[in-house]
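Okay, so chain A shows up in both of these, paired with chain B first and chain C after.
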Partner chain A sequence: MKAVFTFSLMTLRMLFRRRTIWGILLVILLALAAIASVPSFDVSNQGRFILDFGLFGIELGALLLALGLAANLYPRDKETRTLMPLIAVPLSRWQYLLGRFFGAALVQAAALLVTCLGLMLILLFHKLPIPGDLLPATVLIIVEGWFLLSTVFFFSFSTSPPLNWPLTTMLFVVSQMSVVEFVNILPSAPGLMRAVRMLLPHADVFHIKDPIAHGFEIEPVYFFIAIFYGLCYSAFMLSLALAVFRGRDLK
Partner chain B sequence: MIRCIISMTLLFALLVFASCQTDYDVAEVAPSEHLDVEHPAGPEQAEDETCEECDSEHSIDEQVEDSHAGHNHAQGSRNHGTQWFFNQPWAAPFIWGKLFRDAAIFLVLAVAVFIISGRKRRK
Partner chain C sequence: MADTHPIQVVNLRKHFPRKRGLGSVKAISDISFNVEQGEIVGFIGHNGAGKTTTIKCILGLLKPSEGRITLWGNSPAESKVRNKIGYVPENPDYDDSFSPMEYLSMFADMRGLSGMGSDWLKLLKRVGLSKWETTGIRQFSKGMRQRLSLALALQSNPELLIMDEPTGGLDPIARKEFREIIIEENKRGASIFLSSHILSDVETICDRAVILAGGKLMAEGSMAQLLGEENLYRITVLSRKTGEEIEETIPEADLQSRIDHLRRDNLQITRVEMALKSLEDVFIDATAGDSK
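Right after this comes the complex of A and B.
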């Protein structure tokens, strides 16, 4: 595991040196500021509006970060021929994948925490209260972001880079659908569609912006279950990515 | 021997998948007490989204109009207009077991795929 840790730190430093992370972070913060500047008209509690749309903005930011950080990691390593010496001696393929994943996951988590801080500052600027569950809500979005990151890794090993963006975005959209909505795509085969939906993640597990915006309390055990669900699904996607990567001929 | 254990694990995971109820939404498995609504015409009619008192079908937009016509619900209460809000996983503890089960299955599958893909490579 020491090799994985060292390689993930190298990945972390490399990603922070790139301009992509800073560009995406700036876009998310500007979007949050824009959301907060939209007049609430006759909505009685503007805080709800800012919180609801702000957390949705952070979730979209998680998708952008996953794609921006990880979609080009493996293709670039292959193109610049740094991949072969890496996996020839110091690292095995699973160590390479985990090192890259953990590095990108740490950068993504840091960026999402910064956006959460930005949302808090916006609420303070508008003299609105900061709900106690805002940070746990961001943690759930971070876990959702890790699932998206593992999906990006899977597609980066199995498809070409230009296909990675639309495929990951499509999975993101599908994972937002309820079971009934998903079955309605092909109503003639409900059993099959339900079985397929079971293999796809349920993104609504990570969404608690509605209760936060409306002042509802959430049982602490729910956070642990949701985090466990997200981590297990990420592990599943990473194992699939590794299976594809191990089967790849890198010559 | 190891291959046999891996195959058994995979088969077990698949059997667990098959024996479990297929995927579902919160509203499809919610007990009646979860779906109970505070509605002047009773929960059954509210579930059908039809209200004789209002003589129309409800929707969220109509709910707003209704509120101006004296059809009010207490703030934060479960009613025919807010079912979507309470049919989210955070508000439905009876579905948390299913989430845990799904997570455990994905974890088993992840370990199985990791081991099997490693063995295939060594061949």
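Right after this comes the complex of A and C.
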């Protein structure tokens, strides 16, 4: 595992040295600032408004970070031939995949924590209370971000980069839909649609922005189950990605 | 008895599917050869002859369509085998936000090597990058990237060095330095598998050569076998019609009878000299009619 750890750190350093991460982070923070600057008609609702849209902004940031950081990692390694010296000798394919994933996941988590900090500063600026569940909510979004990252990895090994963005975004949208909403897409085959929806990821488990915005408490056990679900689904997507990568000829 | 060949390629075939499923393109057609312990084997062929494809199959980057490749009797995918290999890829490239020292220390960690920073400085000095150890790779020329590639390949003191066009695009001095390092590594005990376009390099440093054309093995043997153990002679005669010199190369065994024959025909022999066959001659003969 030392090789995976070293390669993760190498990936982390590489991503921090590229401009992409800073650009995406700036966009998310500016979006949060824009949300906070929208005047609310009711002062008592302002905190709820900022929290609701702020957490939604961080969630969209997770998607943007997953795509911006990882969609081009493997194709770029292949195109610039930096992949060959790595895969030929020091790393196995699974070590390459995990190293790249963990490096990108750490960068993504750090960026999302920074955006959470930005949201806290905005709340403080408006002299609004910071809910205790804001940090756990961000942790859930980070886990959702890792699931999205693993999806991006899967598509980057199985499709071309231009297809990665729409496919991941589509899965992101579908994963937010409830079973009823999904069945309504094709009401003539409810059984099939229900079965398909069960197989597809349920990203709605990571969303606790409404309860937080309305001041409801979340049971700790819920966090653990949601995190466990997210990690299991990420591992599943990475296994699929590895299966595709192992079968690939590296021309 | 355990197979001790550093590389053994048996009936290797590799074909790539065409786009839209329209059949496949044959890249390698049934080639077999070995690299013995401690020898330097040159791997030569035209562009597109299948050299890089074969090397990538040996390294496990491509899956053979048919045939078997073993490194010391094991699959190329096994980590105990990979730890014994150094690889210099064709046109190597590296993430240009790092420096050579960063690359060497990261590769050392990934390989589980115990070397220190001072070891890597010595290594960079050996490959001619001593003044560039902390410079970002983005500032490196092609030749400097090749030098870094060589340093990374030598880092683990490999038992087998696989080099794909390592001196392509290098200036003559750098080529000489690369050749010297290859010979030093061989003296240390490493087996070398060297793919190259530069036939004079192969002729100078290799014990054996494998010649490939159109994905087929055209010739294989020691340098003495390929260049001919039998001495050849070049006879120059004057043409009676045009007065021009005409050259003819013949084996030593036929020399006297040929001279007698030319004298009987009253042809004026202007020169008789030993003809030295070069690897280029062998290569052209072996690949004649298959330049693709």
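Throughout what follows, the second predicted complex is superposed on the first by the 248 of 251 C-alpha atoms of A that agree within 3 Å, B and C clash if a C-alpha of one lies under 4 Å from a C-alpha of the other, contacts with A are read in each partner's own complex, and residues count from 1 in each chain.
As a working rule, a contact is a pair of C-beta atoms (placed from the backbone, for glycine too) under 8 Å apart; a residue touches a chain by one contact, two chains touch by 3 or more.
Everything numeric in this text was worked out from a predicted model, so none of it was measured.
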Remark   = So, after the overlay on chain A, do chain B and chain C clash or fit? They fit
Inquiry  = Quick check on the superposed pair: does A:Asp249 touch chain B, chain C, both, or neither? Answer first, second, both or neither.
reply    = second
Task = Scan A:Glu219 for contacts with chain B and chain C and give back first, second, both or neither.
result = first
Ask   = Given the touch rule stated above, what does A:Ser239 touch, chain B (first), chain C (second), both, or neither?
value = first
Inquiry  = Under the stated touch criterion, which partner chain does A:Tyr229 make contact with: chain B (first), chain C (second), both, or neither?
reply    = first
Query = If you stack the two complexes on chain A, which partner ends up touching A:Ala88: first (chain B), second (chain C), both, or neither?
reply = second
Ask   = Which touches a greater number of chain A residues, chain B or chain C?
value = B
First (chain B), second (chain C), both or neither touched by A:Gln176 = neither
Following superposition on chain A: angle at chain A, chain B versus chain C, Cα, nearest 10° = 130
Ask   = Measuring by CA atoms in the overlay, how small does the chain B-chain C distance get, in Å?
value = 8
Ask   = Taking the complex as given, what residues does chain B use to touch chain A?
value = 17, 22-25, 28, 76, 85, 88-91, 93, 96, 99-100, 102-104, 106-107, 109-111, 113-114, 116-118, 120-121
Ask   = What does chain C use to touch chain A in their complex?
value = 16, 56, 59-63, 77, 79, 82, 85-87, 89, 91-95, 97-98, 106-107, 109-112, 149, 152-153
Inquiry  = So in the complex, the part of chain A that touches chain C is made up of which residues?
reply    = 2-3, 6-7, 9-10, 13-14, 17-18, 80-82, 84-85, 87-92, 95, 249-251
Request  = Would you tell me which residues of chain A are touching chain B in their complex?
outcome  = 93-94, 178-180, 191, 194-195, 197-198, 202, 204-205, 207-208, 210-211, 214-216, 218-219, 221-222, 225-226, 228-229, 231-233, 235-236, 238-240, 242-243, 246-247
